[in-house]
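Sharing a structure below in structure tokens format, with a few things to ask.
All chains are identified by letter, namely A, B, C, D and E, in their written order; residue positions are counted from 1 within each chain.
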Amino acid sequence: RAQGQTLRVAAAADVKFAMEELAAQFESMTGIKVDITTGSSGNFFAQIQSGAPFDLFFSADLQYPQKLEAAGFAEPGTLFEYAQGQIVIWTPPDSTVEVTKQGWSALLDSRVQKIAIANPEVAPYGRAAVSALKKAGIFEQVKTKLVYGENVSQAAQFARSGNAQAGIIAHSLALSPGMKDGKAWEIPAGMHPPIEQGALVANNAKNKAAALAFLNFVKSSLGRKTLEKHGFAIPANR
Amino acid sequence: MSSLALSFELAGCVAAILLAIGTPVAYWLAYSNWRGKFLLESIVALPLVLPPTVLGFYALLAMGPRGPLGRLWMALFGHGLAFTFSGLVIASVVYSFPFAVQPLIASFEAVDRKLLDASAVLGAGKWRTFRRIILPLSLPGVVTALVLSFAHTLGEFGVVLMVGGNLAGVTRTVSIDIYDRVQSIEYRAANHLALLLLGISFAVLCLVYAVNRCVWAPAWARWTVK
Amino acid sequence: MSSLALSFELAGCVAAILLAIGTPVAYWLAYSNWRGKFLLESIVALPLVLPPTVLGFYALLAMGPRGPLGRLWMALFGHGLAFTFSGLVIASVVYSFPFAVQPLIASFEAVDRKLLDASAVLGAGKWRTFRRIILPLSLPGVVTALVLSFAHTLGEFGVVLMVGGNLAGVTRTVSIDIYDRVQSIEYRAANHLALLLLGISFAVLCLVYAVNRCVWAPAWARWTVK
Amino acid sequence: MDREVNPPVLAVDIRKQHRGQTSFVLDVSLEVSLGITILFGPSGAGKSTLLDCIAGLVRPDAGKISIGKSVLFDSTMHFDVPPQKRRIAYVFQSLALFPHLTVEKNIEYGLRDIPEEDRRACVSEILGDFRIEKLKNQKPAQISGGERQRAALARSLVTAPRVLLLDEPLTGLDAELKAAIVEDLRAWNAAKRIPILYVTHSRDEVDALGERVIAVDNGRIVGHGAPMDVLDAPRRKRLAQAAGFENLLSAVVLGLREADGVMRVRLGDSRCEIEVPLAHASPGDRGQIAIRAGDILLASERPRGLSARNILEGRIASLEQRGGMCVARVDCGVTFVAHVTPGAVRELELAPEKQVWLVLKTHSCHLVD
Amino acid sequence: MDREVNPPVLAVDIRKQHRGQTSFVLDVSLEVSLGITILFGPSGAGKSTLLDCIAGLVRPDAGKISIGKSVLFDSTMHFDVPPQKRRIAYVFQSLALFPHLTVEKNIEYGLRDIPEEDRRACVSEILGDFRIEKLKNQKPAQISGGERQRAALARSLVTAPRVLLLDEPLTGLDAELKAAIVEDLRAWNAAKRIPILYVTHSRDEVDALGERVIAVDNGRIVGHGAPMDVLDAPRRKRLAQAAGFENLLSAVVLGLREADGVMRVRLGDSRCEIEVPLAHASPGDRGQIAIRAGDILLASERPRGLSARNILEGRIASLEQRGGMCVARVDCGVTFVAHVTPGAVRELELAPEKQVWLVLKTHSCHLVD
């Protein structure tokens, strides 16, 4: 058993809680400690290229891991899509807007003056939110209500603090301890392109065997179940 | 480049407001006889120790519909404070406050007390003494305060992002713009923007310092490193 | 709370180094006769205008395996600079440089030149004059420089996040810790940590200011706001 | 001390101890009438502290300060008019010119409720009086010490104060300038007639300006009155020295001749006897006689037909040239110090051991208690 | 000017124009030998500027400064020793005490290569000499003006300089202290024998200390030599006033009596004729005669048996009391100003219109060109 070993995992903010549970499960099974650093995938991308000591990288999209692999920073053959993000419309617990009943039309409600989403230019969740709004046909109507967080987590804070009366955020975040008292309406997966999230083992990982073991654990049925529990969909092709 | 213009507008507003608010505060802290004033001095520096986004988050709470500031603003102007330029200005003022006040205190304290006595004896009240004696003699400190608060506001992005909501033309400052480009791996664009920002800032700072030297130099510049 | 200890260690190191590096730079800028020195003064303030994460990004590039600093470090010490405590210190020093140097320049410039003449005539060289006359008379400016750079480093998180990589126990400072908690909407924990940080910082600042007052007050504190 | 009937007189009765100072206490009570009153006393006597209190820059521990009926400070009432409201002009010992303002702007500083034109006229007039017109655009760091002194003086005199405080305003000026400025001050005083307190260590300035003298020592008033009475008939040894009496001889009173207003005293243990002005004393009393070296005349043969009563025979003990003057020590039983001009030395062929006669006017001899 | 054979003599030959100043140029060439040389001249003459150049605080535009064989400054060689290497002590006119150090620490400042114990002894000795032991733990802001002056003087004197520059070090001190410190300075000078340049406006200090005088006016040296020669026989009218000659009368030379070393002159347009010391002049030459008011004696009847040659009959035009002295204006065809003591006024019953005789020693009369 690999007692005393430590894996360093860089994980996108939206998978934080799922990752923490996965890490605990993995540690109890293998004794290998997993240190999770959460942050912005864009930062991790730059940092891994600069030799950051991460063994594994769980990105919030597929683009960063692919680019890393192309540039030779990934252990060959380890890149895989571990989950797909889902989005919800979230309103604070004291909101009088019944989002669970109204669905999209809640966003058109005059009580909703600001809608927080992640910045579509940089965040996959933001892109998904915009395309879902377009699909629902209300983008032009709500365009002026939108405010942008640097990432989906910041969008959640806008809504949480009440400055935005609604937010389109990651399902995983809506399930997190700080947000789950609010009301959330799941946006059907078909309304936006899939939010593909890729993971890989870094090529300068100190402990490649353990890293691969963790990757395999995430792929396992327990791993999938945990991800699903935290609001992720598992890609069909896996 | 609207984000650039917005940034300079914000930095200018904030620096001006900070000078206006910071000066009386610094004056009082420099000349008050109150023994407990070191407590206040410490409080003035406190906004610095919090990470900007966290400070921004608390600002957001305060400006929110349940926050005191938000409710006040709503009552006064009929709309919220968050995600507006005014909100940005207020949050930035709070965050950059120490950069303005600390140098002012230090330079006010360095003014020779005998000159203040002389001014009083010549019939000048507090205000005239301040305007004609303390302020000109503290010029280096005032310039430092201006430069630090101006430059710091230009570069600030944590608070701005949090309170502003990154709305193009309203609250998307150039620093957020650059940040976004770095995040989306558009490094060339980020570099260009950063260089532009640096260039313009450099020009502005040069102007400030050159003018400062001209005003200041003749009478004092005698002792020099040989 | 290891992140808290780490933060104070970092802030302490950075403030100490900044004082050590900033003082000669400020001395030179304050007393040099060079006509173009306003250019240098402007450059000193430039790190401020870039958003911290962007500055951190450039620092990361410089410290990375292909960056000049990274290669130098590798040649000297056999390991990289990014994602180490040393790397954090270096990046923070660069970022907080203006906060240390500007107040120092302002207060050095405010020292009466006649006293420097007197010191020279009494046989004191530049160093002795600096240590015995300029430095003590610039104490308010030195304190300002210390406080600003210390507090600013405590609160800094953009550069630190980028260069340090947020590694628990090595480069995860308390401000990143708080930031993380806010990001994951663990507000209770964030509040607790923020309060703790504020409390300790307040205590440290109070100490600095109280000591500063004791050293400083008796001889000077005469002119007061009535 | 002369008192005029109704005019605004500066009345001061205060006590002040500097914080952390135990050895020095200022404890004075004085009235300053219109015109120039000289404040005279050794270094550290408390003169500047007194002026600081009057100007309101230092708060007395207790007491009262008023100008005529207007009270400036009263500790029992917790009443304290701030300096800028007192309308007291004050030339500091340390000058305190504003370093960032030109000489002209410094002088203009105290004039503000006055129309621009009058102000210009005022300033240019005083610049002329004090011979600093050429310097008006220089900053204090760019002018000489004496020029600074004049600028500081001008800055205070252009205002229209109720009281003027001058702390050694003419030190560091050459004799010519001093004379000129003294004339200006006299004219100013004649025109304004306000109480002026004038600190100086210079006997010349006292003679030229003083209508009254207040002598201070160690925080207390030790004498006041006309300059001659206070300074030339000093009551205390320390003051006698301060006022420049080179000869200070112990004496015993032999007898009074009240009709002539004189009394006879014997000096030291010698047989030297001289006549000095009458004082409250009785035969047998001991005291000190103070005589200025410059008040003693030397003669190479016994003088005849002179009105002076005190003529002492002696022998030159030493003769020393100090610059433009010779200092002769003459032994007449007690040793006198006399100043003689080198011309006199040559003409009288003075030399050590030579027999000479000292001529002392009665009124040059002062009894000190 | 006396030159000793080998000793380190301060030689200065410089030109300096302040930046942005067109009216004033310092252009001097002088040698300062061992002992005290007085630098004398009106305010703004360039005395402080000269000292600043010697100390290395102001860089001359051109010229050379050296002590003995060691060159301090040479513009042709672009050689300039920084002030801290010159070993020149300098008491500034503005004192420049370090405000954050106590009096004791201020004085210690210049002593560093000396063992702790010697340093303490040194400092406490000079504290005693200058009567400021009690103040040693005070800061400059907490002591009086005269005390500051003494601290600044002490601070410079404890070091072991090669040259000492003193810029009006005793202004603002009372006569007693001044006398005591003058004694200390004389002793110090006797012990150290280094070149000392001493700026003062005070004739008393010149008389007490000066071995030589250099007179400066408007940036140029206008006289040097023994104090008497320079100050008592001034060559220029301005200096005559500066040195305190109240009488300055135009005169025409009538005839020389070379054997007696005198010449006869007539004053103004009057018929007054007096004898004055011989000078390079011929009959018919015009000049000015300077006489001190204090050098003129008054008599109420024609004096007899006196060695003085110049006795003029006149009438008192006015009599004014100024403090301890009376100023008499006597009309003898030309008007003389004479100082007499009030005692003399009483004894001689002087009053306006009274007929009097003036007694003038030949050597009190100075020809000015």
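Heads up, the rule we're going with is that a contact is a pair of C-beta atoms (placed from the backbone, for glycine too) under 8 Å apart; a residue touches a chain by one contact, two chains touch by 3 or more.
The structure presented is a predicted model; accordingly, all values stated were derived computationally and were not measured.
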Steps in the shortest chain-to-chain touch route ending at subunit C and beginning at subunit A: 1
Top chain pair, ranked by how many C-beta pairs fall in contact: B-C
Separation of mean Cα positions, subunit E and subunit A [Å, integer]: 91
Gap in Å, rounded to a whole number, between the CA centres of subunit E and subunit C: 56
Separation of subunit A from subunit B, taking each centre as the mean of its C-alpha atoms, in whole Å: 37
Distance from the mean Cα position of subunit E to that of subunit D, given in whole angstrom: 21
Residues of subunit B touching at least two other chains: 53, 57, 117, 137, 176, 179, 182, 218, 220, 222
Residues of subunit E whose C-beta touches two or more other chains: 20, 82, 94, 142
Junction residues of subunit A, two or more chains touched: 43, 46, 154, 157
In the complex, subunit E residues that touch subunit D: 18, 20-21, 23, 41-44, 47-49, 93-94, 134, 142-147, 149-150, 167-168, 171-179, 201, 203, 206-210, 227-228, 231-232, 238, 241-244, 294-295, 304-305, 307-308, 322-325, 341-344, 346-348, 361-364
Residues of subunit B that touch subunit A when the two form their complex: 53, 57, 60-61, 63-66, 70, 80, 82-83, 161-162, 165-167, 176, 179-180, 182-185
Subunit A residues touching subunit C - in the complex, by the definition given at the top: 8, 10, 13, 16-17, 35, 37-39, 43, 46-47, 49-54, 151, 153-154, 156-157, 160, 173, 176-179
Partner subunit C, residues of subunit E touching it in the complex: 55-57, 82-84, 87-90, 92, 94, 96-101, 109-110, 112, 139, 141-142, 155-156, 159
List of subunit B residues in touch with subunit C within their complex: 27-28, 31-33, 37-39, 41-43, 45-46, 48-55, 57-58, 98-99, 102-103, 105-107, 109-110, 113, 116-117, 126, 137, 140-141, 143-144, 147-148, 151-152, 154-158, 175-176, 178-179, 182, 190, 194, 197-198, 201-202, 205-206, 208-210, 212-213, 216, 220-225
